[in-house]
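One chain, subunit A, links the two complexes that follow: it is found with subunit B in the first and with subunit C in the second.
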Partner chain A sequence: MRLAALWGWVWRSAAAVPPLGWLIGAFCAAVLELLIGYELAIMLYLPKVPPLFGATLLFQNPLLFPATLLFDLLVYILPVCAVAFGTQRLTDRAAAFLEHRPTWLAALMHLVLMYAILHVWTEASAYRLQVSKLVMIAVMLTLSLNVINGYMGEFSCSHPGFMALGAYAASVFTLVLFTQDRLFGPALLPAALGPFCYPLALFIGGMTAALGALVVAIPSFRTRGDYLAIISLAFMFIVKSAIENIEPVGGPRGMGGQPNWSTLPVVFTAMALCIWIINNFVRSTLGKALNAVRDNETAADAMTINTRRTKMVAFMFGAFWAGVAGGLYAHEVRHVTPGGFGIQMLAEQLAMVYFGGLNSVVGSVVGAVSISMVSEVLKPLGLYKWLVIPLILILVMIFRPTGLIAFRDFDIKRILAPRKAALKRRE
Partner chain B sequence: MSLLRVTDMTHFFGGLRAVYRYNLTLAPGEIRGLIGPNGAGKTTIFNLITGIHTPSRGTVALEGRNIVGLRPHEIATRGLGRTFQNMLLWRHMTVLEHVRMAHYAQLQYGLFGAFFGSPRRYAEEERVEANSLRLLRIFDVERYARQIVTSLPYGAQRRVEMARAMATRPKVLFLDEPTAGMTPEELTQMIGIIRKIHQEFQVAILLIEHRLKFVMELCQRIQTLVFGEVIAEGTPEEIKNNPEVIEAYLGKEEVA
Partner chain C sequence: MRKITTAIVLVLAVMLAFTFIACGKKAQPTIKIGINAPITGDIPKVGEGTRFAAQMWLEQIQQQGGLQVGDTLYPVQLVIEDNESKAESAVKANTKMITEDEVLIIIGPQASKQAVPAGGVANDYQTPMISPWSTNPDTTEGRPFVFRGCFLDPFQGPVVAKFVDEEFGFTKAAVLYDVASDYPKGLAEFFRSAWEELHGPGSVVAYESFTTRDADFSSQLTKIRNSGAEFLFTPQYYNEVALIVKQARELGFDNPIVGSDSWGSAETVALCGESCYGQFFSTHYAAAGAVGETKAFIDRYAEKYGYVPDDVAALTWDSIRLAQQAILATGGLTGDIKKDRQAVRDQLARISDFEGITGNMTFTEEGDPIKCAVIVRISEAGEFEFYRQVCP
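Entry: the complex of A and B
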């Protein structure tokens, strides 16, 4: 009872600070860590600045865990709270000011701030940078899979296949045009042009995946449920085996040497675009048609909804973003093999979707971030990781059958609204 | 000119003759009843006309244009709205979302607008919302607008389904047992609602019903269906006194 009251108090006071305040707080914490992180770590007998809030140390060196907790408290929690609550009045006034300006301006400001935080925070180590990028790619994958599995309610298992198509298409594009490659020979265009054409490469990757999605979308007109799951699973294996047998793209050995164009700003921008567009789509009546098709197709048809078009759009749209994420992934890890886009990746992605919450943009972000983190934390356990993650999933399914945060998308206006007015309105 | 004309519609499910030589001419603004015992093929007739099944033989014309072979959503877009016997509602959607959804074919923005949130999309969504709220008010379910539809009382769910059907701007409305499972009070209320939509929207209505009182009160003409064939057609008075109808419903009088 006391605990619930305490929790309520924490929650209410946290809600009284607009997101701008939290972002500024996080930025200060990131700067603080950059400045004194190393010295503080040495003082606390830590070998280095703990890369992911010390979570990775949990299994690597449990004895250091208390020290990392203290580190987190001193570097992150206290400064963030101090700045957030200290500037509360100021940030709330800023939010009130921004409320009467165009929404995109406020949204852009927050995004820039978010990027700045990530940028400063990932300065610390290459490991942190790579994990951040992979998490953002995972967010895109989870969200796009949620469009098909959550919003449209088809159990599609072909996402790694779409991702592979995107990864290979984008890689072939950049390798042929911009690099001296052992598979494709000399570059056709000067390498300096490359980064400018990279969005095009990603787009081509996305479109290839979207075309591939037709193979799953068209059977979905006639069949649903388990049968479609099997068809989509078959599609994933077809893509994998097909790539394994195409020698020009490296066959089973894979394809390497992609330029490292998936930099932090690129991945961040792609993720922000992905979230923005998908969030826009699922909030429109056109996007809600996916829910209508999921909940009752006959009724959807009788209410003038073009169900075939809706299914096709959902599959192609989801696959497009999987393809883009695949392209980003290929240029991040810089070596892709068809074997990597297999059942294990599928399991991971499905875990993210179902853990985070079905039919939910917020849930997808939460699911992707938390499962990626858990996955990093459990890395020292090796294969046993795959005992723990499914166990978590089973527990979630028992206690929250639709996932942690189901049925919630971003209402940007409401998130950015000043808190004082919001609180008053609630009263 | 007739609004909806069905001629010699016949349908087989495998070897089963579900509907045989069904004819219907529906004039604008008419309310027509379709009665018959369980399994007579009433709902099948609805499904055939609305395109869920394609009739084996026969023609269906809406405003003089053939609609056989069109997909259900195309037929619905041409002006044939319907409700379902077991209320096919979308269980995760709110009442307002239901009615908004039924504006699908009228939306004046495309995927681009949906993805990037064009100004036109927001204008359009606003228009749709206003119209949806107006419909909810007509059917007296406005107070449930933001609730998930499955949390509503039964009668209100029925009215939501009707509001949803009306949002597609039908010229002909098919009602499949609109009073199934209703109490007598709700039934009287439903008569009022159907009269109201009939006057307000000027639609022709074809309704399937089991409760004779309800049909007799509303319909100008009634068809009686037995084993897929129309055995009697006429005014409520004629139907009530038709010996074949009585036989179909109550059985033959046996002389001991």
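Entry: the complex of A and C
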């Protein structure tokens, strides 16, 4: 009984802390780790600070796992809870103050704090940094695919194709203009200008992908369901074969030498923008119209929705963000081959969407992060990894057929609201 | 509830006890060697060959008690990371091995689409890397820290041309290749330019292509038969080789068919059967008829893992022995990983006339080896038989 009471108390106190408190706690933990993490790790007989909370050690070196658990408890869990609970009054008052200011201001503050946490946390390890960046790119891809497969309710298979278009368009832009390169010769503009034009490169990548989406959309939206799946699958192969046959971009050999401009601030900003804009999109009239079209196209048409236009816009919108993510990916991995954007990538992205939850912004983030992390953690298992991951997917599909967290988007105002008021309201 | 509490306390206590297991083991300076291999993904057989060769090497070193560098005996540890046959995983694996595991040198990745981006990471962190199998020039170009263990396509193309010219004295060639795959396409181009250099423009009378996973080559082969070509060069992988050779014979093309190192898989003969007997291809090493060190390697591998090693395993073995030689040649490690990596890289670049099981190697400025190719004949028993050696 006592344990249940304790649990209830922890739960109630946790619910009383606004997100600002948790973020400040996490920031303190990250700073703490940067300061004493190494010494503590040595004291616990760990070779180094565990890069991903020790999760990668679980199968690689199970004997060290208890020590990493202790490390996590001392460095992350205890400080986060202590700071979050300790500053609860203060942060709640801050949240109440921000409630009466514009939402964007409060959201921006939280985002800056989130970035600061990530920045400090990834300072300690290049591997951590790279994993974080790739996970954020995966979040963008999953979310953009969810717009089409979840909110629009069609089964689109062309996402790797859109990503390839974005990756190649953005790479060609930066390689032609800013780098000395085997394929395109000397740089046309000074390289110092490059990072400032990088957003433009990403935008061009996204627009190219959106244009590609238009090409698929025109013939395929005359059909529904399975036909779109097949046409979009065909489109993915068309993109792959086309790039393989375009010699100026390297053909099947691929294109390399992109500058490493996908830094943490860039990727984080792109992801935050992507989540924000897509979240607003799906909560807008257009988003609701999209859901109406999915549920019953004839009825939606009768309610004066231009169904064709709605679907086109959503499809191109999803493709745009896939293109942007492709551009980021190309400048992170710094070598792209058409063969890489194939069925394997498609399967991964679909798994992330359906695992996380259909028709859901929160679910997309959860799906992308968890599938990426699970596949990173299970790596030492080798081939058995491909038994475990599909098994997890099957279990999720049986017990939660729409995915872990389906039908949920961010209500920024409610999330950031002070907790006192929320508790009172509930009573 | 009390029982649950007791259980939780017990579990925690046991785990706490476990944290002290590692106690008392003072971290001894070890030489760590990273292996970046495609254990899962499209080409798991390649990953398996890589892993087996590396583990066999490790066993040999462990029998000696470790590596004697200068006057210290270091234990050796392999860090094997799976790159899932994906570019971003190969990059992640390299970053992890370099920054987290602090390996001295990396062997792998094998396929070019992973080796090119992974090589970029290794070069950025100034860590030597040897890709045993990657043939894309971009892997090593402009990267002083990246080396490779195999010869390049610009070398293999002329080797085949030279061999056919000397062996048969033919003048008219035909080429059939996969336009969508980077390796056959490159090799087909290099072969054509080499052949035309020998016999003048127009001597490649048919230059036909197809796309990956095509299974019917009759239209291309009919064209090749009608062009009057005296032989066919097809730098394809084993599954396509079987189809191409069989269909060519059915269409009445009875001239020799010559291939490249991609033929060198045990599957080639299994799928192709008698149609392939008597054909030639160029490769890194030949299992049947091998002598000396090569034979010793093949026998040990076959005894341990139950099959004759393919060229990936042999090249991995050579690459890891190159690494070993470079580490030994440093004459002593400082313990400062950055300095040691630099020293190993400098020694690697200086290696000349290394006696590998796939031939003698000397590294060029770019980190590509100069070595001889082997021409293999598929015997009437279906074995890969050493025929002759062709040097540049």
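Following the convention adopted for this analysis, the second predicted complex is superposed on the first by the 411 of 427 C-alpha atoms of A that agree within 3 Å, B and C clash if a C-alpha of one lies under 4 Å from a C-alpha of the other, contacts with A are read in each partner's own complex, and residues count from 1 in each chain.
Note that contacts are C-beta pairs under 8 Å (C-beta built on N, C-alpha and C of every residue); 3 or more make two chains touch, one makes a residue touch a chain.
Not measured: the values here are computed from a predicted model.
Applying the stated contact rule after C-alpha superposition, one finds that A:280 touches subunit B and leaves subunit C untouched. If you count the residues of subunit A touched by subunit B and by subunit C, you find the higher number for C.
In the overlay built on the shared chain, the residue A:333 is in contact with subunit C alone; subunit B does not reach it.
Within the superposed three-chain model, A:8 lies out of touch with both subunit B and subunit C [touch as defined at top].
When both complexes are overlaid on chain A, the residue A:390 reaches neither subunit B nor subunit C. When both complexes are overlaid on chain A, the residue A:265 reaches neither subunit B nor subunit C.
Applying the stated contact rule after C-alpha superposition, one finds that A:185 touches neither subunit B nor subunit C. Applying the stated contact rule after C-alpha superposition, one finds that A:256 touches subunit C and leaves subunit B untouched. Shared contact residues on subunit A (touching subunit B in one structure, subunit C in the other): none found.
The touching residues of subunit B, counted against subunit A in their complex, run 50-52, 71-73, 76-77, 81-82, 84, 88-93, 97, 100-107, 109-111, 113-117, 121, 125, 128, 164-165, 167-168.
The residues of subunit A lying in touch with subunit C in their complex are 1-4, 44-45, 47-48, 51, 63-67, 69-70, 125-127, 130-131, 134, 182, 241, 244-245, 251-254, 256, 329, 332-337, 339-340, 344, 376, 379-380, 382-383, 385-386. Subunit C contributes residues 1, 4-5, 15-16, 18-23, 25, 27, 39-42, 44, 81-82, 84, 86-88, 91-92, 95-96, 98-100, 112-113, 116-117, 120, 125, 136, 138, 141, 179-182, 185-186, 211 to its touches with subunit A in the complex. Interface residues of subunit A, counted against subunit B in their complex, comprise 277, 280-281, 284-289, 291-292, 294-296, 298-308, 313, 359, 407.
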